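The same chain A turns up in both complexes below, where it pairs with chain B and then with chain C.
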Partner chain A sequence: MTPQTSGTNPFRRRKRHIGERIAEFTVRLTASISILMIFLILTFVLREAWGITAFLTETNSDKTEKGVVNEGSKAASSDSSSPDTYGETEEVSPDVPEEYNSDVQETITDSGTVNTTGGDEPESYNPDVTDYSASEENKAEPNISHEKKTLVQNLTSDTWQPVSSEPKFGLMPLILGTAKTTFIAILIGAPLGILAAIYTAFFAPRRLREVMKPVIELLAGFPSVVIGFFCLMLVADFVQITFGVEYRLNAIVGGIGLAIAIVPVIFTITEDSLMSVPKSYREASLALGATEWQTAFKVMLPAALPGVVAAVLLGVGRAFGETMIALMATGNAAVYSASMVEPVRTLAATIGAEMGEVIWGSLHYNILFMLGVLLFLVSFSINALTEFFVKGMLAKKFQGGT
Partner chain B sequence: MGKEQERIKIRTNDFNFYYGDNRALHNISVEIPENRVVAFIGPSGCGKSTFLRSMNRMNDVIDGTSVKGAIVINGIDIYDKTVDVVELRKLVGMVFQKHIPFPKSIYDNVAYGLYLSGRKNKTEVEGIVEQSLKRSALWEEVKDRLNESAMSLSGGQQQRLCIARAVAVDPEVLLMDEPCSALDPISTAKIEELIGELKDTYTIIIVTHNMQQAARVSDFTGFFYMGNLVEFDKTRTIFTTPSKKETEDYITGRFG
Partner chain C sequence: MTPLRHHRTTRSEFQKKVLGFFAVGITVVGGFIVFGTAMFMLLHFLIKGLPHISWEFLSQAPRNNNTEGGIFPAIYGTTFLVLTMALLGVPVGTATALYLTEYAKQQSFFAKSVRFAVNTLAGVPSIVFGLFGVGFFIQFVGGGIDSLAGMEGGAVFGHPALIWASATLSILTLPVVIVSVEEALKAVPRELREASLALGATKWQTIWKIVLPNSLTGILTGSILAVGRGAGEVAPIIFVGAVYSLPELPTGVTDQFMHLGYHLFVLATQSPDVDAVAPQQYATTVVLLMLTFGLNFTATIIRSRIRKKRLG
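The block that comes next holds the complex of A and B.
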């Protein structure tokens, strides 16, 4: 009964090989780095978007200036207290090339006097001045707003004109545009992907199946710029000739392009989840006198439903965040309209198109990052929804406790 | 065979089955009488399940299989080109080894086969569902929770649900592929009891590893070995005075 204390313990932990340790450390490090990278990206985007809070209480009249005067926010806010003298400073418009702006910035911060006009500023910029006090003289100007708007009001307006004498950051056309293209993409892509998956899983001869699956999955790795180019050149023509639409590039063309991109995503995941349904379901159904069709749609598809929903949601996420195809095939005009045959501009494409030319630190810059945060949040919610809702609840309902 | 002439339900003539080039069944010729329980026993891989699945052409699902010879049910060769497999399977139901209810409610599981044959009358379907569940001795246990997921049932209940599902389509022949191998003794006893009750209406063919079970439930027993039907006779004869030595060795536990 006394435990043996001397001698060798046969259960003694084996000393691990040094190679094993290094391998384990490397793997752990790599995993940590990839998680850290995602976290860093998120932090960066959030930090850049955070700049927007400085503008929240300002009116749109201030914004033009603040968009340029990043550091001299005190000077700008002192301006807003004296709106009468505002007209003169308003020459600083985003239409002005960057060199001008930086000059003006210095002028303002150095002098502190609002009367000083930008030294290098040509006189011809004056007519572009947008100011509610000056607006009575400039009634002909179409882009002049006659009232003060807060940033929130500006963001929720229906015009996206970030680069103009009076920038308008209305997100509604972008959100609507994204919704329209995503909707069309899912409308086309989901049935295609799901039906192709059903065919491949249950109806295709084995030879065909062995060819089809890799070929469609190959499409997933297709460069999106090629798909975009294809849509730009061919699909756009096809849509215009077939339906006789006014605008060559529009939401439908963009949606088709995105559908091409998401079909492989939906196909692959749907096919995998269909194949993971126990074969015995199929046999049991067939043994009851069901046809292959009845079996596929009444037994196999419902049993694989969590996977199918997850596939569609991931497709939504892909279509939502896809940039290059949207950039090339949608026409990129932020039109606020419910029409499917008018050009649209998506959130992701906006970032892609404007980030390269935006003035660093301006309100526009911050808003672009805010769009990035928005994209991230939506993608994150979709993935979270897939994870918790689909895998948790639906799986329990349709696949039992197994 | 028996003193009175049995009505023959299923007759096979030199039936051969191939998985690719591999011949799994060798010239099986057997006559299965109506409203009897027939058990097929034999070691694993001997072809008894393949033979069972051949009787409602479930093997068609598997790629690269082929048959030679004939299985005649109700006077029709089921491997004839004009036979509709779907109609055949409505006539010849099947219960599998694994209890696999569909991921639907208990009610929908039983009603599924009725839905397939296009019966939509709600009261009629409800009646058949109740009757089928009663026949499979499950009604008392599930009558209050017909809309719950079939996955919530125990293994034995699930298997009886599968039997109810097969019975609901009103087949004439019921094939059972090791229906009790995944069940505990109590559930097994219930299913065996059920088989005894069902044989008044159906011709039941059961494949089992369990020789005691074959002895308990069946009227006729066939012994498969290496793809051959070694012996087929009344169960009592097989288990008391088998004519072949292989059969005797197997049932006395000397091999297999």
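The block that comes next holds the complex of A and C.
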């Protein structure tokens, strides 16, 4: 049943009633709300994150974390050439380094001392307090005290301690933590989801299939807070007893929780794309003498590959942005370590945990919104990638097939 | 080896069988691990939680550090929240679906953009919606209304409140509504539209009198699915209006509210005495699951009926 397109619209030539026009206009306008919302989300999350720019040229020592002094410094920084770390601004100069380029090669020891070794520092890299209105730009040694760090240095450091007398906003442990849990989740979730999809699509007896599929899809209906609770109560114990790990809540428990959340996503999309491979493929393969499993793995799976890739990508996106499971099952300690059995803290969980207590308008608040911008951009990219790249592949593949 | 034979078929029958056994075997294992996890979670919560559900639990407020009493305020808050959400989101979602199926030229840039936007919305992490709720609804819209009315910032609208949580959730669930309603609209036979148009009805008359009434169940399905999804989402509302305890029930849309999912989160992570709250935790989980699964189940039944109608 194809919807009626305007190409066949019989009213094209007829003079339309004014009510018709109003109706169509309203419907069109409402439809644009979805587009509007995407822009609004980006704009307003960015807008709240924007306050960061006011802090960029200052060290955190002269700024209490409770953004009371926020207003004055905002005005002060508007004319300074503060580097814009998040793009999309009028005042950004083209040669200003991006935030995550880590052009500044710095080694930060545990005590917090900063040794800058890079020669090419950002221009407005100004490690001094604003009171001095320091103009020396290329200081080799940033400053006397380890407390006097610029925000860029602070953000790229490896300690996340937003609530302390000397707040540290090192994003590295959060990014690493997110990467670890997402990696574990995909490592567990992708094979399970894909294998389960192959089983239900090709091998399962009809009766079993009719029970299995809805039950697995039911898994998608579990609210993430319930999955988080499940991990907190059972998976954590299971992991601790099985692997004998030191910390009850760690990256593996969080990863398993995220895997539970993404398995039904991967399963459903993979199953759909397996089923949408033309029947003739399977029949041809079987007619040529291939067995069922050869057909499944060597003909059907490769044919459905774009869909499988899409499924895994969407799984990554979901695991990356999942909040409640990460909040409940990862232990929530921003430990900067490669170990899989230590507690971690993800970007999304950080927002979820700290947004409730943060003082609105403070630097901490701005940084949490900046994390939100990061999450949005990553999920947006993943979505765009799936949309344009994978769907294009799928369309091309079956153009001659059906 | 005959020249026609491909070199890869030189595996012996035995090797093939072993390989086949393992290939099928791992899919069986994968399938049953996933299936088993789902069943285990469901049964685990039902067995642990159901015995603790009583009328008292459903109808009373929590007492004594959440170890006694019930979760009535959370049930009430969740219901209030999702109904307001549906009220805000369903009309927008329905209109968008109407545009996509009835008005849009499928290849037009605008239609493609709308589709892309809907897909993108579905993929935005839920916590980002929460930030959006704070930045846009509470501070910009709410604060704006307050200052327009000449009140101190945050007096009536410019603070976390049920209306903003509902609005945030309605955007989050918009894709769910749009996809379901679109499916229902497409299920309305083309002949019905053509008959109506042939009788001289205008396009809008056709939509209003023929298409929409015929897809009413589909719109209902979409709303139910959205409500089911919205009821389970916690991350977007933590700082947009949900609170962990309330002296009295919310009476208006500018009040704060308790929420089942958030209540479970608080019980699970912020209780001093874990053992004492365990029954409450499991019982709350079961109520939350019954709410979301009940709604999903209803929607699935309605949907399968629509599909049958469409095929028949």
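As a convention for this text, the second predicted complex is superposed on the first by the 281 of 402 C-alpha atoms of A that agree within 3 Å, B and C clash if a C-alpha of one lies under 4 Å from a C-alpha of the other, contacts with A are read in each partner's own complex, and residues count from 1 in each chain.
We adopt the following convention: a residue touches a chain if its C-beta (ideal position, glycine included) is under 8 Å from a C-beta of that chain, and two chains touch if they have at least 3 such contacts.
None of these values were measured; they are calculated from a predicted model.
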Touching partner for A:Pro162 - first (chain B), second (chain C), both, neither: neither
Chain B versus chain C as contact partner of A:Pro173, first or second or both or neither: neither
Partner chain in contact with A:Gly315 - chain B first, chain C second, else both or neither: neither
First (chain B), second (chain C), both or neither touched by A:Gly221: second
First, second, both or neither for A:Ser34, with chain B first and chain C second: second
First (chain B), second (chain C), both or neither touched by A:Gly331: neither
Chain B versus chain C as contact partner of A:Tyr281, first or second or both or neither: first
Which of chain B and chain C A:Val263 touches, first, second, both or neither: second
Per-residue touch tally on chain A - higher for chain B or for chain C: C
Partner chain(s) touched by A:Gly255 [first = chain B, second = chain C, both, neither]: neither
Shared chain A surface residues [contacts with chain B and with chain C]: 291, 294
Residues of chain C defined as touching chain A within the complex: 16, 19-20, 23-24, 26-31, 33-35, 37-39, 41-42, 44-45, 91-92, 95-96, 98-106, 110, 113-114, 116-121, 123-132, 134-136, 139-140, 171, 174, 178, 185-190, 193, 197, 202-204, 207, 228, 231-235, 238-239, 261-262, 264-265, 268-269, 281, 285, 288-289, 292-293, 296, 300, 310
In the complex, chain A residues that touch chain C: 1-7, 9-11, 16-17, 19-20, 23-24, 26-28, 30-35, 37-38, 40-41, 44-45, 47-48, 191-196, 198-200, 202-204, 212, 214-216, 218-219, 221-230, 232-234, 260, 263, 267, 291-294, 296-297, 314, 317-318, 320-324, 327-328, 348, 351-352, 355-356, 360, 368-369, 372, 375-376, 379-380, 382-384, 387
Contacting residues of chain A [partner chain B, same complex]: 206, 278, 280-291, 294, 298-299, 302-303, 397-402
Chain A contact footprint on chain B (complex, rising order): 56, 58, 61, 63, 86-87, 89-90, 93-94, 96, 98, 100, 102-104, 112-113, 115-117, 149-152, 162, 165-166, 169
